[in-house]
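Chains here go by letter, A, B, C, D, E and F, matching the order in which they are written, and residues are numbered from 1 within each.
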Amino acid sequence: MRPSGRNAEQLRTVIIETGFSRHAEGSCLIKCGDTHVLCTASLEERVPPFLRNSGLGWVTAEYGMLPRATNTRNRREAAAGKQSGRTQEIQRLIGRSLRAGVDRVALGERQITVDCDVIQADGGTRCASITGGWVALRLAVNKLLKAGDIKSDPLTDHVAAVSCGIYGGMPILDLDYAEDSEAGTDANFVLTGSGGLIEVQGSAEGATFSRAQFDHLMDLAETGIAGLVAAQKAAIAG
Amino acid sequence: MRPSGRNAEQLRTVIIETGFSRHAEGSCLIKCGDTHVLCTASLEERVPPFLRNSGLGWVTAEYGMLPRATNTRNRREAAAGKQSGRTQEIQRLIGRSLRAGVDRVALGERQITVDCDVIQADGGTRCASITGGWVALRLAVNKLLKAGDIKSDPLTDHVAAVSCGIYGGMPILDLDYAEDSEAGTDANFVLTGSGGLIEVQGSAEGATFSRAQFDHLMDLAETGIAGLVAAQKAAIAG
Amino acid sequence: MRPSGRNAEQLRTVIIETGFSRHAEGSCLIKCGDTHVLCTASLEERVPPFLRNSGLGWVTAEYGMLPRATNTRNRREAAAGKQSGRTQEIQRLIGRSLRAGVDRVALGERQITVDCDVIQADGGTRCASITGGWVALRLAVNKLLKAGDIKSDPLTDHVAAVSCGIYGGMPILDLDYAEDSEAGTDANFVLTGSGGLIEVQGSAEGATFSRAQFDHLMDLAETGIAGLVAAQKAAIAG
Amino acid sequence: MRPSGRNAEQLRTVIIETGFSRHAEGSCLIKCGDTHVLCTASLEERVPPFLRNSGLGWVTAEYGMLPRATNTRNRREAAAGKQSGRTQEIQRLIGRSLRAGVDRVALGERQITVDCDVIQADGGTRCASITGGWVALRLAVNKLLKAGDIKSDPLTDHVAAVSCGIYGGMPILDLDYAEDSEAGTDANFVLTGSGGLIEVQGSAEGATFSRAQFDHLMDLAETGIAGLVAAQKAAIAG
Amino acid sequence: MRPSGRNAEQLRTVIIETGFSRHAEGSCLIKCGDTHVLCTASLEERVPPFLRNSGLGWVTAEYGMLPRATNTRNRREAAAGKQSGRTQEIQRLIGRSLRAGVDRVALGERQITVDCDVIQADGGTRCASITGGWVALRLAVNKLLKAGDIKSDPLTDHVAAVSCGIYGGMPILDLDYAEDSEAGTDANFVLTGSGGLIEVQGSAEGATFSRAQFDHLMDLAETGIAGLVAAQKAAIAG
Amino acid sequence: MRPSGRNAEQLRTVIIETGFSRHAEGSCLIKCGDTHVLCTASLEERVPPFLRNSGLGWVTAEYGMLPRATNTRNRREAAAGKQSGRTQEIQRLIGRSLRAGVDRVALGERQITVDCDVIQADGGTRCASITGGWVALRLAVNKLLKAGDIKSDPLTDHVAAVSCGIYGGMPILDLDYAEDSEAGTDANFVLTGSGGLIEVQGSAEGATFSRAQFDHLMDLAETGIAGLVAAQKAAIAG
C-alpha cells in the first residue's frame, strides 16, 4: 500500500486555476495534491543576444521555491546570494522541455519567460512546473494569436511531466514527498500530448534498477501524462 | 477624484485567508485590493549567535517579490545574486515593526522568521507585509501557547501598517500603484492596536511637504490602522 | 542630564572644512562633534541609462564607513563582498534627500555622485552625510556655474539633516553615540533651508511613542536645521 | 556514415593512464578519443556536517573544464565568480553515480572527493569523468584497504558511463563533439559492471523520440559499458 | 628635470599626524606630498584559526582607496562586490612587510589589523601605507607595553617603504603620479631602520632595465628610507 | 646540502612538450621537475575596450591550480566563487612579464590570452607558467606569421623566469616545494633572453637580507634563465 492510499497508477488530484496572476500574459496555479506551483508566462519583444536577427524566438524558464514551501524552512536563495545546483538543474529542465513543443520560427523574434514558483511543496515540483508552465505558455501564446501578432500557432503539442518511482519494490505513479523520500528509484518523464518522449530521467537511490523495471515506469508515465494533458485541456477550455 | 474611485479616507478591501500554507506554524494570504502577499511564520528552537544564553527570543523578517508580481517582469533576485537595497530596506522595516509588539523575554530563546512574499503587487506591499505578517506571527505564537511551550503571551498588541500620500494636493489613504506613482508625498505608518507609533516615514517626491500636511496624513493613518486591526481580529477569530 | 552635558536643544559643534579633497569638483570634511565625514561631489558628463536623452540630470550618493571609524573594528565591506542593508538604506536616503533640492532640468544631462565616507563615527553619520554632502554638491555646482556650463542654478534650496530622540523620557536634539544607544525613540529629519520637509523617519526602540512626542521632536529638528544651514552658509561663503 | 567513421556501436579508443598525479590518493588521465579528463580522488578523514557520528562515509565530485579545453576559449569559472548551471548539473551527476557503487557503511566516516578536470574536450566529458572518476576512486580505496584502514571493500561494483544519440536517424554509441552537435536525441547511461542501471537520461533535441528508439539506445549503451569496464579492469590491473 | 621640480634623490615632504582617529589603538594620517593615507591599528585579543594555541601573534593589513581619492572617480569596491587584484596585492604586501619587523612570540596570541585607507592619491600609496602603517602599529604596541599586557617589545625595528623609478633615463626617488605614469621602470623597496631588505620589487614598463640601473635605484631607496625613518621617529616622539 | 640533492646553481630537469592541447593556437606542457603546468595561448581578433581603435594588441594571462595539484586538496576557486589574492597576483605578474617581450604595434589589434593551469605543483609554479606561457605565445604568434596575418614578428625576445632563495644560509637556484618552505628569502626573477630585467621580486621570510645576498641571487638567476631559454629554443625548434 502507498502512504497516500492511491493505486499504483493513480495521479493525485490535479487542479489548474488559470489567470491567477493579474499582470502576466499567461498564468495558472497548478495544484497536484499538496504541491502548488504558480506559473506565469511573461512576453518580451526581444530575444537573447545569441538569437538577434535570427528570426527565431526563445522560451526559457526560471524556478524558485518560497522559503517555507517545505516542512522546514529553507534559506532564501536571494539572501544566500545564489541559486542552488538543484534549482538551476530544474529550471534548465523546464526550459528545455517547453522548448521541445515550440516552433521557434512561428514564434518569431520574441521571448517568453516562464516563472515557476513553488508556493507549497509535497513532491514532484519540477513535473508540476512543466505541466503548469505549459498552460501559462499556452495562454500567453493565445493572446499573441488573438492580437494577430503571430499568424500560425507556434505550439506544436501539449507538454506535460510526471514522476514515477519504485516504492517498496512496486512501481508507482506520481510520488508525493513521503513516497519519494522512501523510493528506491526516482524517475521523471516529459512527454508530448501525442506520446513523443522529450525527457527521460531515472536515478537509482540505493539499489540499481533493471530495464524491465524502467519499462514498467515508462508505462505508468504514459498513463499519467494522459491524465495531465486532459487536465490541461480542461483548464484551457475553461 | 482618486483613480481608484475611493474616498480619501477609504481603505482597499482587505481579505486575510489564514492557514494558506500547510507547513508553516502560522500563515496567511493577505489581499489589500490587488496587492497579495503570502506571509508565513516559521519557528526555530534556536536564536542568532548574539542572543545565545540571553533568555531573549528573536523575530525577524524576509521579503521577496515574485518576478512577475508586477506589470513588467523584474529580474529574480536569486538569479541576480543579491537582494536589492529596496528589498533589504523593506525586510528590515518589517522585522523592526513586528519586534516592537513582542515581549522577547516572554517569547524565550526561540526565533520566529516571518517570510513575506508578494504574489501580486499593486502598491503598498510593505504595509500589507507588516499587517499580514503580524497575523502569521499571531497564529504561530498561538500554537506555542496552546502546546504549553510558552506560558504568557509574548505579543503585547496588534501591529499594522498603512501608506498615505498626497495625490493631486489631496491627502489620501492606502494608495494603490496608480496613485502611488503620481503622489507628491509618500508616507508609511506602523501603529499598534492601541494607537502607539512604531514607525513613521514620510518622503517628498518632487515638492516638499509641510507639518500641517504631515499631520493630516497621520490622521488618515490612524483611521486606516483601525480598519486593518479589525480585519486582523476577524481573521484570527475566523 | 544628557551624557554629553548639552542642553536638550543644543547641536554639537559643527565644523565644515571645504576643499578637503584635491581632486573632487566639490568636497568638505564635516565634523559634528566626534562624527567626521568626508564628502566629495564628482561630476560626470553622462547620466544613467534610464535618463539618456531625457534632458534631466541625476544626483546620487554612496556611503561608506572606514573599518575603524567605530569603537570596535567592523569588517570592511569590500572584503565582505557586499554592502550591508544598513549601508544601502543610508545611501538611498542621502541620494533621495539631495535630489529633493535639485532642479534636474536646470542641471542638464549630467550626473553628480556624492560620496560620504565616515572617517570617525559618534552617532548621526547619515545626517552629517546629508548636511556635508549638500556642501560638496553646492561647491561642484558653483564650479559648473562659474565655467558657464550651466546657466541657471539647479540647487533650489539648502538641504540639511539632524537626528532627534527621546532619552530618559526627554526629547533631545542631535544624539551622539552614547545617547543614541540608550534612546527610546530615534528619528531623523531632512529639511530644506526654508523649512520644507523632505524626509521624516521615526522608529520606536522598545516602547512606542505618541504623536505629541513626535511633534516635540519635530520642533527640535527645526531648531537644529536652522543651525546646520547657518554652518553650511558660513562654509560656502568661507 | 558517422563523421568519425566509426561503426554505430563502436566506442572511441579508451586509454586510462593511472597514477597521473603524484599527490592524489588515486588518479588517472582518461582519454576517450580526443576527450581527455584528469581524475583525482582525495581522501579526508572527516565527513560533511550532516553525516557526523553517523558511521557513514561520503563520496562527492567536482567538475571543471580548462578555459581552452574547447574549440573556442570559455571564460574561466573562477574568474566569472561562479560555476555554471551546466557544471553543477554535471558534478551532481558524477557524485550521485559514483555513490551508487559505494557501500558507505564499509567506507566508514571519511570522505573521498573526486575531481574531474577536462584538459581537452571532444564530446562526452561527463561520461568520461564518471568512468575515469571510478578508476581514481578504486585506486584510493585500494590504498585504504592495503593500509588496513578499512576492512571490507566498500566498492560494490564498477561504475561506468557512456553517451548515445540518434544521428541522421541512426542510433549511435559514444558521440564525439561533431556528432553530438548534430544529434537529434542525446542520452547518457550510467551502469554498473554487472549491468544494473544507475542513471538514465535522454533528451530530445528538436524532434521527440519514441520508446523503440530509446530501447535501441539502451542496447548500445550496454555494449559500450562492457567495453569501458574492460578498460577500467585493465587499467587497475596495469 | 622632474615634473615635481625635486632633485633626483629628494623625498616629498612627509607629515605624520599621530592620533588622527579617536577609536583606534594606534593611528596616524601620513602625508607624502599630495598622497594622504589614514592608517589605523586595531587590536584584538584573538588570532586567526591557524594560529590558535600556537603562542604566536599576527599582524595583518587591509588597504582601500576612497572612490574620489584619484583624479577621476573609481567605482567603490564595496559596491562592485569585490576587492580588485591590485588592492589584494597591495594589502598582502603591507601585511608581509610589517610582519617582517615583528617578533610574533613577544606579541603573544593577539592580532593587530592595520587598515590603510587612501584619502587622496598622488602616487606611492602602497609605500606611504607601509611607512604610516608602521607608525600606527608602533603606537598600538606602545599602548600594550604601557598597560603591561606584553613584557618585551615585539617590534624589532622600523619598517618603511619608498618607490624609485627611471624617469627620462634618470633614476629618481619617491615618484608622484605624474612621474610614475611616465616612468620606464617602477620599483618599490621596503627596508628596516637598520637597512635590512624586506621587499624588493622592480618592474619594467616598456624597456627592460639593467642590473646597474637597479643598483642605482637601490642606492636611492636607502637614502629615502633614512628620511622616512627619521620622520617616523619624530612622529612617535611627538 | 639541498633536500633535492642538486648543486646550488642547478636547475631542475626541464621538459617542454609543445602542442599538448589540440584546440589552442599555441600550447605546451612544461615540467620543471615535479611542477607541471599546461600553458595555452588563445587568439581573439578583438581587444579590450580601452584599446579599441588604438592599433595596439594585448597579451593577458590567467592562472589556476587544479584542486589536487598540491599535497592536500585545495578548495576549487570556481566553487569558492572567487580567485584568491595569490591567484590574482600571479596572473597579473605573468601577463605583465609576457607583455614586456611584445611589440604591441606589430601584434596589431588582437588579443592573446595565455592560460596557465597547474596540473601538479612542487614549487615555482609562477616561474614555470611564465617560461611555458612564453612558448605557447611563441607558437601562437608563429601561426599568425605563417598565415600572413601579421607581417613582422611582435615578439622582441625570449621571456623566462626562475626562483632563487636562501636556504640554510646558502643562495640556491630553482627551489622545489621542500626547499621553498624552509627558505629564509624567496625571490623571483623574470629576464629576457638577452639578459634584460623585466621583474625582480625578493621577500624576506623571517630574517631580512642584505644587498650582497640579493646580488648573489641575481647571479644565480642569470645562470638559470640561460638554461631555461635554451630549453625554450629546443622546444620551439622541436
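Throughout what follows, a contact is a pair of C-beta atoms (placed from the backbone, for glycine too) under 8 Å apart; a residue touches a chain by one contact, two chains touch by 3 or more.
As the structure is a computational prediction, the values presented were derived from the model and not from experiment.
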Contact-graph separation of chain D and chain E, given in steps at minimum: 2
Chain located farthest away, centre of chain A as origin (C-alpha): E
Selected pair, out of A-B, E-F or B-C, that shares over half of its residue contact pairs with D-F: A-B
Separation of mean Cα positions, chain E and chain C [Å, integer]: 33
Chain A and chain D: spacing of chain centres that average the CA atoms, whole Å: 28
Centre-of-Cα separation between chain F and chain B, whole angstrom: 59
Residue numbers of chain F (touch at least two other chains): 81-83
Going from chain A towards chain D, every chain in order around the ring: A, D, F, E, C, B
Touching residues (chain side chain E, partner chain F) in the complex: 82-83, 85-86, 88-89, 91-92, 96, 100, 187, 191-192, 196-204, 206-211, 214, 218
Interface residues, chain F side, partner chain D - complex: 21-24, 27, 34, 38, 40, 42, 44, 62, 64, 66-73, 76-83, 87, 113, 115, 117, 119-120, 122
